[in-house]
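Here chain A shows up in two complexes: once beside chain B, once beside chain C.
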Partner chain A sequence: MATTHIAGQRRQELVAGYSFVGPALLILLIFLFIPMFFTLWMSFRDWGGISPPANSTPIGLEWYQKLLFEDNIRRSEFFLAFKNTFYYAVGVVPIQTALALLLAVIANSALLRFKGFFRTTFYFPSITSSVAIGLIFLWIYQSGGILNQTIKFFFPDYKNISWMNDPSGLIHNTLGLFGLNIRTAPSWLTETNVLSLTLWQWISGPSVTMSALMMLVIWTTAGTMMLVFLAALQDVPRPMYEAAAVDGATGWDQFWNITVPMLRPTIFFVVTLGLIGTFQVFDQMYVMTSGGPAGTTISLAYLIYRAGFKDAQMGMASAISVLLFIIIFVATLIQRRVFGDRAQT
Partner chain B sequence: MAERVETLNMPKRRTGGAPQWVDALLTLLRYIILFGFAILFIAPFIFAIANSFKTAPQIASAPLTLIPNPFTLENYRKLTQGAANVPLWTLNSIIFAVSVTLARVFLCSLAGYALARIHFPGRNFIFLAVLATMMIPGVVLLIPRFIILKQLGLLATYPGGILPIVVDAFGIFLMKQFFESVPGEIEEAARIDGATPFQIFSRVALPMATAPLIALSILAFQGTWNELQHFLIALGPTARDLWPLTLGLATLRGAGVGQQLDFGLFLAGSLLMTLPMALVFIVFQRYFVESSSHAAVKG
Partner chain C sequence: MNKRIFFLLTALLVVTLASACAPVSPATTAPAATTAPPAATTAPPEPTAATSAGATNLQLLGWSASDVENETLKQVIADFNTAHPQYNASFEASPNYDQSLQTALAGGAPPDVFYVDSLKFPDLIKNDVLAVPPDGIQNPDDFYPSLRAAFTANGTFYCPPKDFSTLALIYNKSMFEKAGVEVPTTWDELKAAAEKLTDASAGTYGLSLSADAARWLAFLYQAGGVVVGPDGKMNIDTPEAKAALDYYTGLLVDGSAVTPDKVDSGWNGEAFGKAKVAMVVEGNWIVPYLKNDFPDVDFGIAELPAGPAGKATMAFTVCYGVPKNAAHPEASWTLVNSLTDEAGMKKWTDLGLAMPTRKSLREGWVKEFPELTVFLDGADYSHPWQFAPGFTVVTDAINKGIQEIAAGQATSESVLKTVQSAGQDVLGQ
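After this line comes the complex of A and B, so read on.
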């Protein structure tokens, strides 16, 4: 009697468990798990997106061969997008993390008033859609727009920058101040071809337009990350600061010797999220630049979209997706090395 | 902890507290920095609002003026004319956001509850699989999702826009964590009284979960309302009648490449799109703060 009761309960739990989890699992299976493997499969095939996918031609590793190993237009486009995305991520992640940490530390002061006001204003941009922000900034960034007008107000000699239409790279421009440009650069820089881009192209830095997008994204996300840091700061015991202050440690010492070590796991978390997010950047390009000017804002995600849906090269777009997946994976591994190891000592 | 405090003894620059005027100066500096950034974060919206009520020549000649003269609603009127079908796109945004939110809250809490409370074989494996999906970068799924929606005949349909984003691994995770954190005695009592598992879930467990349910709803609503990429793929460039606001306005910009853009129209549209989120934000502010770490994933 008792055993059948337990068996009955087991069966009921089994049925209930699977019928509760089932619907969610089915959706994840169809729209997340299967697509993952589908991407891999499709990256070995040639398909234009119109005929049934089963009719696509298997071509083995040809896309990878073309994207990585053959000197051609596809490889130069892929590495151009890689370069753009890399500069974007390397610019955005440290600045947004540092800015968020700075704001959080300042706003965390016990005696500070208007805390709620600051929290609300700093966070507000993060709840707004990237499309709305993109369109508003497209207007702000026009050459006669309010950004240029404001700068001009403070610096009357300022010459308008066409933020949305300037393909020149920041590092190129900086080198240009010292007289080094494409005409004066030594030939080993301008003629050495690495992965279908010249060394000179590789060291361009983000273009002015890409930098404008980077500023916008930092502006949007810093508030969110600030809230994450603010929450973590609540867990740093105040007596630590008091003890340090008694011992004569300045605010600067306290920041580097207490705040940063205590927040290391949070910094790790924020940087990881930042990297994963920045390597997938797409909306800003779609809304604001369409990859221009001169291809300097084509990100890897935008290249996937363009290859798949504009150029009808679903196979190649899938191969780029797989490569992007690997790039994100490697980037997070590298940053784990940088932050993770030190967190343990 | 103790050793850490020990190492702090090393830098001995000043003994005793700083003079009072230094403290006062530092506090002033803090306020200057914070107010400076507050202006930086809010100014674009203020200028956008002011300019959305100006005429096109005014926007071009005096964008920095905060009071529109003459005041006009023309930009908002234009949202209903020509290629812009903002009333319909707003309705679509509401349809998508509300259906995704309701379905996600239901499915995620159901799954999260089962993973936390019901003992069945394979439970741990399923939970790990769900967690694993959180590591997949969304952009990698663009192409295959298009193919699958095409195969299912769901391209450019409402279900095709809704279904792929209806379940979110983080939502399941959030609900599972919550149900594990509350004691299960009442549920046990209900079970002994003969309630079915679904009755226990819907009548006993769910009513306790108001806080995580609100957080999950906000995340779902905000995410769907602001989503662009998924709708671009699932609805496509021609199904104008199904577009949500994000896709509609973004595509309207794309159509105008090379010509002078009508910024009054875009400012009005952007603000209209922001308004519902701003209201939700004001009402549910503290839940936003709790769920912010997840929102940080989106750049």
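After this line comes the complex of A and C, so read on.
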């Protein structure tokens, strides 16, 4: 009698539990799992994306073959997008994380007055539409825009940079200062082809325009990440700082020996989120540059959009999506290694 | 009691999640580097006017070139609805035309009639989504042969071109007078004029040229080059193409021509309107724009200067397509025909925004808009903006190449080699 009662109660709990998660599961199924497997399936088919999917024909691994192993325009575009996205992520993630941590420590500081005001100000860019921000920055970055005018005010000899239309890479430009450019570079650099791009192209660094987009993104996302750090900072026990102060540790020592180690799991979280977000970057390219100039702001996500909707190659777009997933997955694994197991929460 | 609370909570959860999952519609702006010839500015579609009961609803999907054009087309369609009370047609200008059309077609619920750009036509044919007109196109021989050819595949004339545009040289009369420059008619004269009109210290330049395949191809044809040879093989890596590319990028490298962003403009038309440049290579869409936004600029229109191989320009055209699985095929074709027969096209093109694709309307239109005759004459020596399916990969490679050369990062030889192999890949050669 007693056991059946318990069993009945468990069943009731089971029903209640599933009815709670049911709707969420259903939505995940419809909006996440089905599209995911559809994408995977489509990456093995020739589908223009114009006629119904049932009209597509299976072509096996041809897209992967073209994107990874054949020396052609598709592969050079894919690796160009990969290169652009890689430089973008490598530039954005560390700076954004460091800046967010700095902002959080400042906003958390006991000495700071008007905390609420600063927290709101730092966070504000994150809740503004990326399209609106993109349009405003387009205007700031114009040749005769505010940015150039401001620099000119302080440095009258400054020659306007056209931020939105400068395809020269930062590393190329730095090498140029030492007299190394495409005409003077040794032929092993300019003529060795690795994955459909020359070594010289690989070492370009982000273009000036890409760097402008990177500055914008760092500015917008640092606020979000700051919020995460702020929450984590509340959990660092105050007595630790007091004990350290008694032992004569300076603020700098306290930051490196208490704050950073205590925030390790949070830093791991922020870097992971940052990596995933940067590898999927799309909005800024779509609104501000359309992948230009000279293709230096084509990100992998933008290439997927272009292949699917401009070139009518939805099958190939799907294959790039799958490859992007693998890239992000591997990047996250590597990064987990770097941060070590202690970072796990 | 408990169950009711559960139910309420569940319902609440569903609603919250559903709203959270709602797609965020990305707003678009005119991308500065689009290859599509008209600088497409977007305007939100307006709700259509009163629906008469029992009438069949017809949706016409297109993009918006300008507010003036939208309003005009809506007026033409309102006239159609009055003349055909059994139908209720409406125009929808989609800010994301490619995505809207593609999802509608792939999802099996296509619009009743839609714009088909000549560049996109081969892709649509390859995917077999366009309907064959059951009774043919009305009076097909009246259309300019090159425009008819742009929408003919496998011997079938699929859809009537609604209008067309060609490229010409637009020049600033007062700047020409001040510099004492005559209207250039050859490449050499254009170069000399551009140099003479450039005053970098004053921030004015001879020419605004976008790094854009749609404009460079006119120079390619003027040099006697081709994209695809008569044998159907990609053939762009030629001395003629090199001459055209060197000439075009040479203007940019010399500094007598600039890209519009260098003079703080979104596109060539804006740079011209602000009098930062004395010349642009643009289509007839620039005329209403200049009259509206820069009424004080006194401009002239001339044929593009002839190259080593003579005159050439590009023609851009759009037709009204009907999808294969249209819900009301008969109604769709009635709309298409009444928009493109002699009377319907006259109504549309008499507003001066677009040029008639029917030869029979030529004379009346020229009388109405004598200053635009140059554009219309371009039809005789124009090349269509149309290639094989999936060719946007190649035009993108050209855009990229021009930008790289202008920035000193590539040579014309290497760019042409890349474009050639990209074309071969797309054509499967």
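The criterion applied here is as follows: the second predicted complex is superposed on the first by the 312 of 345 C-alpha atoms of A that agree within 3 Å, B and C clash if a C-alpha of one lies under 4 Å from a C-alpha of the other, contacts with A are read in each partner's own complex, and residues count from 1 in each chain.
Please note the rule applied: a contact is a pair of C-beta atoms (placed from the backbone, for glycine too) under 8 Å apart; a residue touches a chain by one contact, two chains touch by 3 or more.
All of these numbers come straight from a predicted model, not from anything done at the bench.
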Practice prompt. Label the relationship between chain B and chain C on chain A in the superposed model as either fit or clash.
Written response: clash
Discussion item. Looking at A:Ile73 after the superposition, I want to know if it touches chain B, chain C, both of them or none. Which is it: first, second, both, neither?
Written reply: second
Discussion item. Contacts for A:Gly295 in the overlay, against chain B (first) and chain C (second): which applies, first, second, both or neither?
Written reply: second
Practice prompt. Applying the touch criterion given at the start, work out whether A:Asn165 contacts chain B, chain C, both or neither, answering first, second, both or neither.
Written response: second
Worksheet item: Does the superposition put A:Leu333 against chain B (first), chain C (second), both, or neither?
Response: neither
Discussion item. In the overlaid three-chain picture, which partner chain does A:Ala24 touch, first (chain B) or second (chain C), both, or neither?
Written reply: both
Worksheet item: First (chain B), second (chain C), both or neither: which does A:Thr250 touch?
Response: first
Item to complete: Check the residue A:Asn55 against both partner chains and state whether it touches chain B (first), chain C (second), both, or neither.
Response: second
Worksheet item: Which chain, chain B or chain C, is in touch with more residues of chain A?
Response: B
Discussion item. Going by the contact rule set out at the top, does A:Val194 touch chain B (first), chain C (second), both, or neither?
Written reply: neither
Item to complete: Could you tell me if A:Thr128 is touching chain B, chain C, both of them or neither one (first, second, both, neither)?
Response: first
Worksheet item: Between 134-142, 242-250 or 278-286, which run of chain B pushes into chain C after the superposition?
Response: 242-250
Worksheet, complete the sentence: chain A positions within both the chain B interface and the chain C interface are 16, 20, 23-24, 27, 31, 49, 52-53, 131, 135, 142, 144-145, 283, 286-287, 290, 309
Discussion item. If we count contacts the way the header does, which residues on chain A are in touch with chain B in the complex?
Written reply: 12-14, 16-18, 20-21, 23-25, 27-28, 30-36, 38-39, 42, 49, 52-53, 92, 103, 106-107, 109, 111-112, 114, 117-140, 142, 144-146, 149-150, 217, 219-221, 223-225, 227-228, 231, 237, 240, 243-245, 247-251, 253-254, 257-258, 261, 269-270, 273-274, 276-283, 286-288, 290, 300-301, 304-305, 308-309, 314, 317-318, 321-322, 324-325, 328
Worksheet item: Hey, which residues of chain B end up touching chain A in the complex?
Response: 1, 4-5, 7-9, 11-17, 26-27, 30-31, 33-34, 37-38, 40-42, 44-45, 47-48, 51, 60, 63-64, 107-108, 110-111, 113-115, 118-121, 123, 126, 129-130, 133, 136-148, 151, 163-167, 169, 172, 196-198, 201, 222, 225-226, 228-229, 232-233, 245-246, 249-250, 253-254, 257, 261, 263, 266-267, 269-271, 273-274, 277-278, 281, 285, 288-289, 292-293, 295-299
Response to the item:
As the complex stands, chain C meets chain A at residues 6, 9-10, 13-14, 17-18, 21, 26-29, 31-34, 98-99, 102, 105-108, 123-124, 126-129, 211, 259, 261-264, 389-390, 392-393, 396-397, 399-400, 403-404, 407-410, 418, 421-422, 425-426
Worksheet item: Given the complex with chain C, which residues does chain A contribute to the contact?
Response: 16, 19-20, 22-24, 27, 31, 48-53, 55, 72-74, 76-77, 131, 135, 142-145, 162, 164-168, 181-182, 283, 286-287, 289-295, 306, 309-313
